[in-house]
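There are two complexes below, and they share chain A, which is joined by chain B in the first and by chain C in the second.
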Partner chain A sequence: MNLRLLVPMLAAALLAAPGVHAAGPLNVVTTTEDLAAIAREVGGDRVKVEALSRGYQDPHFVEAKPSFVLKLNRADLLIAVGRELEIGWLPPLVTQSRNSRIQPGANGYLDASLTARILEIPTGQITRAMGDVHPQGNPHYWLDPGNGRRVAQAIAQKLSTLRRDDAAFFAQREADFAGRLAAAEKRWDALMAPYKGTRVVTYHRSWPNFAERFGLNVIGYVEPRPGIPPSPSHTLDLIQEMKRQNVKLILVEPYFDLKTPNAVARETGARVVVLLPSVGGEKGVEDYIKLFDYDIDTLVSAIKETGAR
Partner chain B sequence: MDLARRSLPRPRGIEMPRSPLVAVAVLTAAMVGRAAPVRAQAAGPEQIEALRRELAQLRAEYTERLAALEARIAALPGGAAPLEAPTLPPEAPAEPATAAEVPPGSAGAGGPAGPLPVYGGMGSKVFNPDIAVIGNFLGATGRNDVDPTPSLGMEEAEASFQAIVDPYARADFFVAFGPDGAELEEGFITFPTLPGGFLMKVGKIKGAFGKINTQHPHVWSWTDRPLVNLNLLGEEGFADSGISLSRLVPNPWLFLEATGEVYRGESEGLFAAPRRRDLAYLGHLRAYRDLGESTNVEVGGSFLRGHNDQGPGSTTRLWGVDATLRWRPLRRAIYHRFLARTELMWSRRELGDSAADAFGFYVSGDYQFARRWFVGGRFDQSERADDPSRRDRAGSVVLTFWPSEFSQVRGQLRRTRYGEGTTANELLFQFLFSIGAHGAHVF
Partner chain C sequence: MDATVLQFLAAPFAASLILTGIHAYLGVHVVERGVIFVDLSLAQIAALGGTIALLLPFAGHDPHGPWVYWISLAFTLLGAAIFSTIRGHHARIPQEAIIGISYAVASAAAILAMSQSTSEGEHLKHMLVGNILAVSWDEVLKTAALYGVVGVFHYVFRHRFLAISLDPVAAEASGLNVRLWDFLFYASFGFVVTSSVSMAGVLLVFCYLIVPSVAAMLYADRIGTRLAIGWSMGTVVSGLGMFFSVQFDLPTGATMVCTFGLVLVVMAILRPLLRPGLARRDAEAAAVSR
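Here is the complex of A and B:
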């Protein structure tokens, strides 16, 4: 009985061997849409890029769906944000992928954070009493265009090792992207220049790189501690602090509930602004430069309308 | 050993364990070896002379310090009488250094010089496995005459040790500490990238029969094991030592995974394998498909066969079907989700000449209605594997609160109508808490 059932099953599994990956575009899978956007900039038509999570989704809490296993099974390259952002869902997917190319340490696994500038790396003792702290620093580093450029370089290098013949192609595309990004940065800097030092409150600690790059002053968070939902006492403290410092903007990621931010806004006369931490957070925000276009435009018009300083 | 004892006899009057003496001898040898950077065996006469001098100097220092220490002990109020000055044998010379076998790789034998490697420094700690402990505290009120659980009990503490072994494998150990002692709940090595797209697990594994059986109790949405698992797979479910091989079955429509497993055939309350050939076999097929970005459905079929304790050649066969529907909107993934699941199982247990056919199932639903709150319900029904005329039924309502992702508080109202005819109404409550780095769970 056992053999009668098992043997055909395994035989069927064996016969249907997966396809060979020699020719055609490289299959690149990224954990977030931001990395996918940058990989597309660099890889052009020589790569096929798919992101596992969506831009309007909390990247800490993605479900490790079996359909992702299928995508990873075919991948030639997996690019992860790193810094333990995906610790809750990526490792079992990689284990189940049955794909030796993308196992940690293999040539087809790229941790994009390795060359990025990382902020908020904790020093001293950390415990979970501090909430969901990331022991290796804040993983939302892609929100600084400088890091976008570094990630693009890392991806270009990695793609070149996987496809040596296309190295020049990737290098040229990477340089082109860096050029466009630099031009866009000038635009963003000009837009933000009058508002340097504007005080804001954010929901989660998603914005340290963005705030540092564009001169925002984050004075508090809706979450009492990273990953811990708002508590009444913390909300009251926050309202007082916002009133004291006359803070007019509350920046919220699209995946958080707006109830508490709205309540705080009512009490303080501030405005809730849904800012996008990722490409794909809204329709039309489909590449890395458009992400900052959207965020800077949204921010600047909110600052103008509220008179925030 | 012999050498150490001969050359450094224990000073009279001082009780010293032997091993420190050995350590001293080895250390001395190592130090001398380092001071004179030569192959001990190939030492020339002048080098031996140098060693001799150095050792004499060491000996003098040693004697001096001991004397000083004794003087201080004697000076203590009520201190011991002065100990006899330790006398080192006159011929304790360079021989230890010349004759001591320096193990290959240690200082002086071409290995790394410097102090002996101290394990536990940063360099070795980074390779320590991820360690976590999950506490499962279970309380019960109400009356249950058939299957009573304690009023208050530290049901289980699960320690997990997980790490990557080498470029080819990872290992996961789960040790459960319960009222009956420690038990290896699971402990296996996983080879994720075998040729042919196979994933292999070897070790003690929770068999891939249905959904609940593979999961650890702390990931269930209830405090208890459903009746069908309890009655047909045994108190602790089916877990055994064996080998598991699984593979994706490529097709354009859905995720399809085939698993074949071979076990020793020993699982409490289910299988007994007094002979080597009494192996148990398991086959599992799992299909999954996204029905959109928020909704997905999963269906599985399982078969399990092994030998039971009803005499040689007497087997138990089990068939199972499971289905799961999940909904979780991506934009509000941390606030709302719904999961509906059912598992049906059929058991055929041979009892000598006759056979007992039993059937059971459960249906459950769980809804997260706020970031920290879950509500759920479950209906259970199952016949007993060796006495299908007895049929147990239960209905439960569950409310769970998550202070954070690392702790949960749960209450479960359960009404069970046992096959004996008695009814039990109980309130079960549970505290689950996790410390350390527990690896993410398989979907």
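Here is the complex of A and C:
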């Protein structure tokens, strides 16, 4: 392509960019399938929701495809997890989309973490001794249903500002979702009640919200930093600590390699349990409530079989 | 294909033309010198510099800050100095071995440095594995200007650079300071590769460097002809790779890398038909050496 072709193409691009939107469904793009699931619950048929990453992918590392830029270009609303989770791939794509509606700070951009309960926010000076620190707190907050409810509220409010006429519709759907979620939480709490305080080890620091909500006691991490193999002394300490406290469960996300957790499990007699951090991580786990159904069922049967306490 | 996608591909495509322009040229040198993996090694050394910069308390832990840039550049120059001093025409140790060792040690040292850093590794991986789809016009213009300077530098001194790449013994005999020109070559090369990698990723930059040059060697001996073929191939593959990426909605960089491989295979298959003379000569040479 030469400059003579490029200039008219750019001109066409500039003219076409900020289109006028008719009253069809709002185009909502989310970074993860969890946010997409919640946005569907709230938006119903008044929104068209698409997630960029799939539930079985590590949301820290997503390979950008051309369709991402197109989806972002047409979006009326972009919902991101925030807390720097998508920092490695999302910002340049949002810039590239040349969609002024969804730039950070614009009305069509929603950082879902703003109203959520965030754990592990470092206070004071961050030092090396603290290990792997997310400066803005742990971004895996959606694994607490309480935060699912807060995110649904935030999405309902945001959709209402974008479509004032449908505000009542969104509020009603949000209330309905909150009701079903509360009923499901009773079920999950009943299932987990006998196992409060069960000691577990997790692969990466993805589960603090889940552990807090369902009463698990996380005593250590297999690989505290993603992508960096732990030192031998860290692994030895972990194995000794697991033996001392009789820890029977190692929780791992589906996109991590099982080699290290399996080795630790062999040494300690513990079991490696793959829990899903996201909607879409497994066939049949297609909405937010089913995600917890799957995780709680898997966890409870693993606790029963291993006799973990 | 959706026509609106073209407006987003304009900047990546312009970037890929810039990459073709400089890398197909540098690739001729690299292939002639037989230092195929030098770009991976220099890119890794630069990344190590960036990681170490993030550890320095006064550097502000900002992966896009000036400290990270200058320290990775300093490391690149250090790598260039190493590669230009170990080039011995008399040495028994092949240069490729040193390049491989530098790559392995720099990669491992970067992991060690990362394990000491408080910030997330994502930044660093992002630095090493750029994404050509996300290139902005700003980056394209800046890179074009930088590479333009490097290109002019190489054009002005083209006879010396070619002399040390093609026949270093004769160059030294003629009184040329081979070590100095080697350093200048690796320094400018490292500078280009480090910027390219942060824009397009390691794999794609490697392809832009090596594949056009190898493909051209299938069809021509003269440097000028080889450059023309290399540039044409790079341009065609850039367009084709982006087309495939859009058509089948695949990650752009990886699709372009595979397109490079595909086009090279096609060119190799067509060679006996298009250049029967060259193919026969190579077959005879192979028979003789056997």
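By definition in this document, the second predicted complex is superposed on the first by the 277 of 309 C-alpha atoms of A that agree within 3 Å, B and C clash if a C-alpha of one lies under 4 Å from a C-alpha of the other, contacts with A are read in each partner's own complex, and residues count from 1 in each chain.
Assume contacts are C-beta pairs under 8 Å (C-beta built on N, C-alpha and C of every residue); 3 or more make two chains touch, one makes a residue touch a chain.
Computed from a predicted structure; not experimentally measured.
Considering which of chain B and chain C touches more of chain A, the answer is B. Of the two partner chains, chain B is the only one touched by A:257; chain C is not.
Using the contact criterion defined above for the overlaid structures, shared-chain residue A:69 touches chain B and also reaches chain C.
Contacts of A:103 after superposition: chain B is touched, whereas chain C is not reached. In the superposed model, A:89 lies in contact with both chain B and chain C.
Using the contact criterion defined above for the overlaid structures, shared-chain residue A:58 touches chain B, although it does not reach chain C.
Once the two complexes are overlaid on chain A, the chain A residues touched by chain B in the first and by chain C in the second are 1, 6, 9-10, 12-13, 16, 61, 63-67, 69-70, 73, 87-89, 92, 95-98, 128, 132, 227-229.
If you check the complex, the residues on chain C that touch chain A are 2, 4-11, 13-14, 17, 111, 114-123, 125-126, 131, 133-134, 136, 239, 245-246, 249-252, 254. Residues 164, 167, 170, 190, 192-194, 196-199, 245, 247-251, 255, 257-258, 260, 281, 283, 285-286, 288-290, 293, 296, 298, 303, 305, 317, 326, 328, 330-335, 371-372, 404-406, 435, 439-443 of chain B are the ones that touch chain A when the two sit in their complex. For chain A in complex with chain C, the touching residues are 1, 6, 9-10, 12-13, 16, 60-61, 63-67, 69-70, 73, 84, 87-89, 92-93, 95-98, 126-128, 130, 132-135, 225-229, 231. Remark: chain A residues 1-3, 5-6, 9-10, 12-14, 16-18, 54, 56-58, 61-67, 69-70, 73, 87-92, 94-100, 103-106, 128, 131-132, 227-229, 254-257 touch chain B in the complex.
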